[in-house]
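Next come two complexes, and both contain chain A; in the first it sits with chain B, in the second with chain C.
Right after this comes the complex of A and B.
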């Protein structure tokens, strides 16, 4: 029966309203800060950076009063990937070039050589992934979807002058996040309905084409349900006189306080530190 | 840029479908040898066909961002290591909607002579390319590059020939939708793998993948992905616009 529990696969992270210092920051600062740190981790491949990133993320999680057990549980899906990272590094890493550059040889079996540099690379990647997942858990812990949508809209607003429809993009994001659980439930119903009629999705025998065709009774109703709901929602929005972002006022006005600027400055400094630390790695 | 309420809502709904397909693994159809092909980009194509290039690009952006985040928090396979790089997971996806829409318009309301001219130029390039690669010393006799040019020319030439056939043959709505699905899928496959190859040559991804591996992945995944994408896109758009095609009526009536 677990095959039909679509909604369970959709949850990542959880908003934890602990009212910590981080929760009280401007939502734009919360989003920008975490995204800056994550981007810095993606840019710099060194292993020391990954380690520092993990320490930073754990520190921030403590500061946000997110239980560490909750954060560490989010790391579980990463475990099988570590084996793949290791295998890929061994297969495709340019070992001979690394050895020629002075990296010590770790293991040799016939034509297969494994250089120390490849293992350092694999370790760095794993550390970086752990750090980024911890940061994302932090973000979902300190910002709920409303915060995120407000933050995205606020951050895109400067680009409005260039013709970017900031408010509309934020609304798309809000609708997407609202539609995911809705369509998830719809999909669950469709799967059960088709299974009751003897359908068998993706698994089972048959060549690729017949397997793809067997997905159609599930995919077409799913797409049509999405489009039909979209149509209804568009009508409902227009019926209420919505006219886009121009001249629209908000109940909650975001204003940056000194503490927000300070936090943003700290996030920038930390991101810069991560980018420029240990560039050689 | 003007976006209507309808555009906003359809973009949101189809982005949700793309994310749902990814998170539930329904968007991955098992193919040979444990390799899965993806149909996660189909909502982007459908959005581009139904609502235009802006909606297609927005869905592509959200789909790309989602695959970037998912590659970190719930990785499942080899590819996810590379999709952790936003240059690979986000940037190529921005172009699926635009190119799929252009293909759709081109077939639906063809500017016949210009498109025939462009396709003929592509076919000519596909013929001249391999000749130059093999008969002249431009590539310095590098066998790998020569094979690459040959295969690219073959693929491009076949597609241009098919396009020529479509333009000259008929301009039905569903032919246009099918062409959009082919072009959109090709954009996804070629740009993602091309970006991966480019970053590998620059040594920006670890471990770097050689072009030969990428080419093999492109051919083994690309072709079934195109077939699956056409199948689903055409079926969904036909059902939504209530266009009849194929076998009409119930099968049982045909066999008295």
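Right after this comes the complex of A and C.
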């Protein structure tokens, strides 16, 4: 282990300001559109849906001018998950029932049988996972945290009458998202600093407790730094006379234009297509 | 010519390589450290100082070019980096944030304990390191988070000195201290270096800080070495330095102006102590 670049491996979660058509949409549309498509993918389990979802996501990524290599890199953390899905599917799928229903036998070893239906199921699940991760990469690529916060605040605002603190919730979200890369960078620095003093985090010797103990030189300063940062932030907010959302005006007024309605309509239609595709068959 | 302890040749480094957010930090740096010298690394913020320093003990691996430390090429994946790190110690910028133990002595002992030294030796090293960092023995049982920032920085320094490295690499060691703290810490480091005769690499964005300390200086800007040589020679090139947003010490600047005004002074002094006799001569 020589690579301390914690953030480099996180491909999704990176905003890419390419200024494409998608970037110019209302942030609420960007958020809702992607979430709609992802939800549709979760609802319908067919394999064709996964495939179509991937094609759709790739098309949108191209439209957003996100480099495909970058998007595909975000899939790498999924690989171990795929192995688990495949193993679970092979172990717990009701193979005998499937075989009785006419699914061909793929492999047999003593009492263990694997039916084709189980593999098709696993494949469908993986395709959908790929499509959803690609969509998330798309969302973080076309919307930075400010956009997302505006979108959430804008969408929560109607519920303000019911006593929902829309602005405060949005602020909490904004601060949380802002802290993630900061803590990542801090962690990287601490890992290096302790490694310079001969600490060793990479190799997994010893039991859980002793490994956890080895993390203390990272965790303690990291928590202290986070707490200190939070305190400073609270003071800074206070010092600027912040008093919550009441009577506060926005620099960015969100207004839906015809293009936004059109995009939302397209997203809805595509989501509906995904939901109802090969349901009948 | 004697063998360099650390030799960097044509070093390139790019952060976030292979992502759309690539930023080049170093492009083609040559750098070396010889036994017993203080090497200054000066450059404006973002010039690649910290990136260079992190290559010297293998925290970063060269992407292109070579880094040889004590004759070992750090690009070779079989090099024992932990062995390198006990010979080349690095003190990060704002190191007071990396303390994690409850008591000062425990934190200073973290490095030596990681080396697997016997307990008696660890105790002796902690004592020596704390003394070298200007911490009286009574600090051993003080709580680390009850200390002032300046005291915590000394504890962090002691934690690195306790490794008893052959090369000490310091990244902006005086940043954020008040003038008195800066003077004291600089004197302590100087004293340690003189006594132990170890090599020190000292990075700073302040010419004033480096002026009275370094034997040789590298000036980094935009990932390249733009000037290098004995401190005095480098500081004599005020115009080149100014182009990179670096200012020669106020004293030197004043002598340069006096010489330009027609007074017979040689603008070679880097510190006030050196300037005084020169000025006396002129006034006489």
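Quick note on the criterion: the second predicted complex is superposed on the first by the 243 of 281 C-alpha atoms of A that agree within 3 Å, B and C clash if a C-alpha of one lies under 4 Å from a C-alpha of the other, contacts with A are read in each partner's own complex, and residues count from 1 in each chain.
Please note the rule applied: a contact is a pair of C-beta atoms (placed from the backbone, for glycine too) under 8 Å apart; a residue touches a chain by one contact, two chains touch by 3 or more.
For clarity, every value in this text was computed on a predicted model and none was experimentally measured.
A:74 contacts which: chain B (first), chain C (second), both, neither?
first
Touching A:21 in the superposition: chain B (first), chain C (second), both, neither?
Neither partner.
In the overlay, answer first, second, both or neither for which of chain B and chain C A:230 touches.
First partner only, chain B.
In the superposed arrangement, which partner chain does A:165 touch: chain B (first), chain C (second), both, or neither?
first
Have a look at where A:92 lands relative to chain B and chain C in the superposition and call it first, second, both or neither.
first
Check whether A:45 is in contact with chain B, with chain C, with both or with neither, and answer first, second, both or neither.
first
Between chain B and chain C, pick out the one touching the greater number of residues of chain A.
Between chain B and chain C, the winner on chain A residue contacts is B.
Could you tell me if A:129 is touching chain B, chain C, both of them or neither one (first, second, both, neither)?
After superposition on chain A, A:129 lies in contact with chain B alone.
So, does A:197 touch the first partner chain B, the second partner chain C, both, or neither?
The answer is second: A:197 touches chain C but not chain B.
Scan A:209 for contacts with chain B and chain C and give back first, second, both or neither.
Touch status of A:209: first partner only.
In the superposed view, which residues of chain A touch chain B and also chain C?
Looking at chain A, the two contact sets intersect at 216, 218, 220, 224.
Using the touch rule from the top, collect the residues of chain A that touch chain C in their complex.
Interface residues on chain A, with respect to chain C: 2-5, 7-8, 11, 14, 16, 67, 70, 73, 189-190, 192-200, 216-218, 220-221, 224-225.
So in the complex, which bits of chain C are touching chain A?
It comes out as residues 15-21, 54, 57-61, 77, 81-82, 85-86, 89-92, 95, 97-100, 110-111, 114-115, 145, 159-160, 163.
Flag every residue of chain B that touches chain A in the complex, lowest number first.
1, 3, 5-6, 8-17, 19-20, 23-26, 29-32, 37, 39, 43, 46, 50, 58, 62, 69, 72-78, 80-81, 84-86, 206-210, 213, 224, 227-228, 231-232, 235-236, 239-240
Chain B touches which residues of chain A in the complex?
Against chain B, the touching part of chain A is residues 6, 9-10, 12-13, 39, 42, 45, 74, 77-78, 80-81, 84-85, 88-89, 91-94, 118, 121, 125, 129, 132-133, 136, 163-165, 168-169, 171-180, 182-184, 187, 201-203, 208-209, 211-213, 215-216, 218-220, 222-224, 226-227, 229-231, 233-234, 237-238, 242, 244.
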